[in-house]
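For reference, chains read A, B, C and D in written order, and residue numbers begin at 1 within each chain.
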């Protein structure tokens, strides 16, 4: 039964990937990518990784797809990095792809049985952290440094994105989008979805400590709502050099590092969560992180600043 | 080992600086915000080196008190602090050289440069102290994103194309590396180097994973034949950025390769080591010849980086002992890494100052430079000495150690390549010097003396490494072999 | 028993609508009629499936969630249909 | 078993993405193909996690958390590449 389910999910996944690669139209490939992202998220559900499924649906498929769709709309001409492939190259590439697939499949089949696992180790300390979702515990406690630096990666990407903008647009806002003004249907949808989405984001954030969900998923949803509002003309895009943008970007890492320092004093180790107040501290840090993530995601999708500010 | 928070702050201080830049963007000029964090980071690196040298033990910290395999540790061993000191000195030199009296508040170029400098520094310190395969990945991504943005900073079409190519190479490298990490986790459920060292077996999955990770890292460190992205990227970036990219950024993936093959799965000298050395040798010969034919100074220096990176890979078959850090090949390779770092930083910065003074960097039209900018040219010449491997210089001692190791190991082809590479380097360095020493009276824009002095200081650092005695360098063996953390020390 | 029967009937009807919509998507000649087939089919089809699952939901909250899902998809696909149609008209005018 | 099936699908995604990466000359299509390879690699982690189910969990949380981090990083990479592309396809900035 589960094999059948796996098959019904895996086959469209492969078909989608083949379509994305094979279709001649870039736009069709992009729409295919959205559908692919949806099936990928379902595959993650089937793999019992609901946290990943939410992240994949929101960031991997959703935000990435939106970003690329917008890029496709803005590009005046395609940027080419070489010549179109001839039949020989195609055959060679196909052979290589088949070889890689087979080799990788064989390697996966060669993995040891029973599989080594850290699952038990992740569960044991959960009571001292006051959270029930082991994936959240990995992200915020055991491998907290990874999570902290991953936010820094987002920050670096935002700095990089601004560095790639034009001198003229420095400190300004991204170009409006869509350029011809929003469609009434979109405005209607935005008005309808934004309140509902806000409630759902709050729910996701709160439930993340004990069940699938959490700051990444909630932040992406909030970012998506903000982007929807921008597209519908209901809210402005954030000004990249603005006072509040800078503060919002910095607050996440700063709060995380501050909590780490408190951990030295209260729990004897940097990034340790002192037991009695572990959960409230974690929630506070995750809130701050969520603020940074939302702003970073919106800036990354909206693109580099191109309009001058009136300052 | 010693428990110390210093490695953590070495990684996070530049991050704090980045946050401070974002907070103060509208009020304070970016270089003034960044300067205290540059100073603090320099202090942290030097004091870590001092502590490691005095205690003869690595500085270790288990974050949050969680031990591997669940948790992450940072561990600054002798090699780690050695490279962190290199990073700190090069970064400081770059910062001084990039410190120009500026008018107006924040501009795109200036703000981005200082923010990305701090981002790079944090990423490098992490890459040099991390002990976890996925932690390495995070460090590499921080490094790549900051480096790509630095390449594109000038905003010209050429720079943008170079940055795009660089990004695609870096991403391909990342994905290969990550695939390897996934296989390792599937095989062992451990990502910590010390933990893996105890259980890793040379079976198919492990070797395939190592191969994937190594090839991914080679793309990032620009080893021949995965080098095509580097010359346009390093030559197209602003000179202070090129200095960081060539001196430091390509070294981090190399160090991770070294840790994989020495710490994770130490194997007796066999095919993988020979292949890496073979590619390194090809890089030295091919890229030196291409460097010889470049018309622009910065492109010549960029191709020289490719050749000098090749030397690093020669060290793999030259550490035959069961404790490679006691072999002279180990010392030679790592001294090559550091002396090239200093020399190349000095060279790129010198090229930048020459560009500022003359308005171009065409090798054939450098005449008259010796008279007008003697300090810069002296720095360039001293750095060139190290690249050629002439005494007294760090490059000389590094190459001599590698050469001796090659002769001892009976690897005559490696010895021949080292000698040939030195001769080729002499050709391209002397070609540039020869033009610069020629007569001429070009219009020269003034360049502040302290900036020329910073470049000279970096070149002298490359020279100073030449005074290390000719035997395994004790600092580089501190903290080896890798030991697993049994309990919180 | 009756609940199960209801579920079977409603979900099957919903599936038929999806099938019809898919056939329409594949067979209709121009984008507008394809959209027509698609949006009608999937809003109604999904509604029937959601309704059919309500007896199986177990709790009133779960049932409400199912209906909420339907409503959100309804809003989303309606708006998307509108926008796609506008895009098509704009592009047709360009040609 | 079903985990293995997804693992093979992941391997195929890596292959398909690699093919696209080689064959398509335009950067946007390369970016899409790169995301396919990424999805395949992440699925490998998912399979590794699912196989390591233990202690009452349906999967090992460590690789799952790693994938979450990885997805965010891949998104940031795509955003950076997209910005470069947008700049490159636009008009040259007037000095």
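Rule of thumb we're sticking to: a residue touches a chain if its C-beta (ideal position, glycine included) is under 8 Å from a C-beta of that chain, and two chains touch if they have at least 3 such contacts.
As the structure is a prediction and not an experimental result, all values here were calculated from the model.
Could you let me know which interface, A-B or A-C, is made of more C-beta pairs in contact?
By the number of C-beta pairs in contact, the winner is A-B.
Provide the C-alpha centroid distance between subunit A and subunit C, rounded to the nearest whole angstrom.
For subunit A versus subunit C, the centre distance works out to 28 Å.
Roughly how far is subunit C from subunit D, going centre to centre by Cα mean, in whole Å?
The separation of the two C-alpha centroids amounts to 30 Å.
I'd like the Å distance between the centres of subunit B and subunit C, where a centre is the mean of that chain's Cα atoms.
57
Indicate the residues of subunit D shared as contacts by at least two other chains.
Touching at least two other chains: 14, 27, 30, 44, 47-48, 51-52, 60, 62, 66, 69, 73, 76-77, 80, 84-85, 87-88, 93.
Do you know which subunit A residues sit against two or more other chains?
Only 79, 81, 104, 108, 111, 115-118, 122, 142-143, 146, 150, 153, 156-157, 160-161, 164-167 qualify.
Any two chains that touch count here, so list every such pair.
A-B, A-C, A-D, B-D
In the complex formed with subunit D, which residues of subunit A make contact?
2-3, 5-7, 9-10, 13-14, 17-18, 20-21, 26, 29-30, 33, 36, 40, 43-44, 46-49, 51-52, 55-56, 59-60, 63-64, 67-68, 70-72, 74-85, 89-90, 93-94, 96-98, 100-102, 104-105, 108-109, 111, 113, 115-120, 122-123, 134-135, 137-139, 142-143, 146-147, 150, 153-154, 156-157, 160-161, 164-168, 216, 297, 300-301, 303-304
Would you pull the subunit B residues touching subunit A in the complex into a rising list?
Contacts found on subunit B: 5, 8, 11-12, 15-16, 18-20, 22-23, 25-26, 61-66, 69-72, 74, 106-109, 111-112, 115-116, 119, 122, 126, 134-135, 138-139, 141-142, 145-146, 148-150, 152-153, 155, 160, 163-165, 168, 179, 183, 186-190, 204-205, 208.
Considering only the defined contacts, which subunit D positions touch subunit B in the complex?
Within the complex, subunit D touches subunit B at residues 14, 21, 27, 30, 34, 37-38, 41, 44-45, 47-48, 51-52, 60, 62-63, 66, 69-70, 73, 76-77, 80-81, 84-85, 87-88, 92-93.
Per the contact definition, I'd like the list of subunit B residues that touch subunit D in the complex.
For subunit B paired with subunit D, touching residues are 70, 134, 137-138, 141, 144-145, 148-149, 152, 155, 157, 160-161, 163-164, 167-168, 171-172, 174-175, 178-179, 181-183, 185-186, 189.
Touching subunit B in the complex: which residues of subunit A?
Touching subunit B: residues 79, 81, 103-104, 107-108, 110-112, 115-118, 121-122, 141-146, 149-150, 152-153, 155-157, 159-167, 170-171, 241, 243, 246-247, 249-250, 253-254, 257, 260, 263-264, 267-273 of subunit A.
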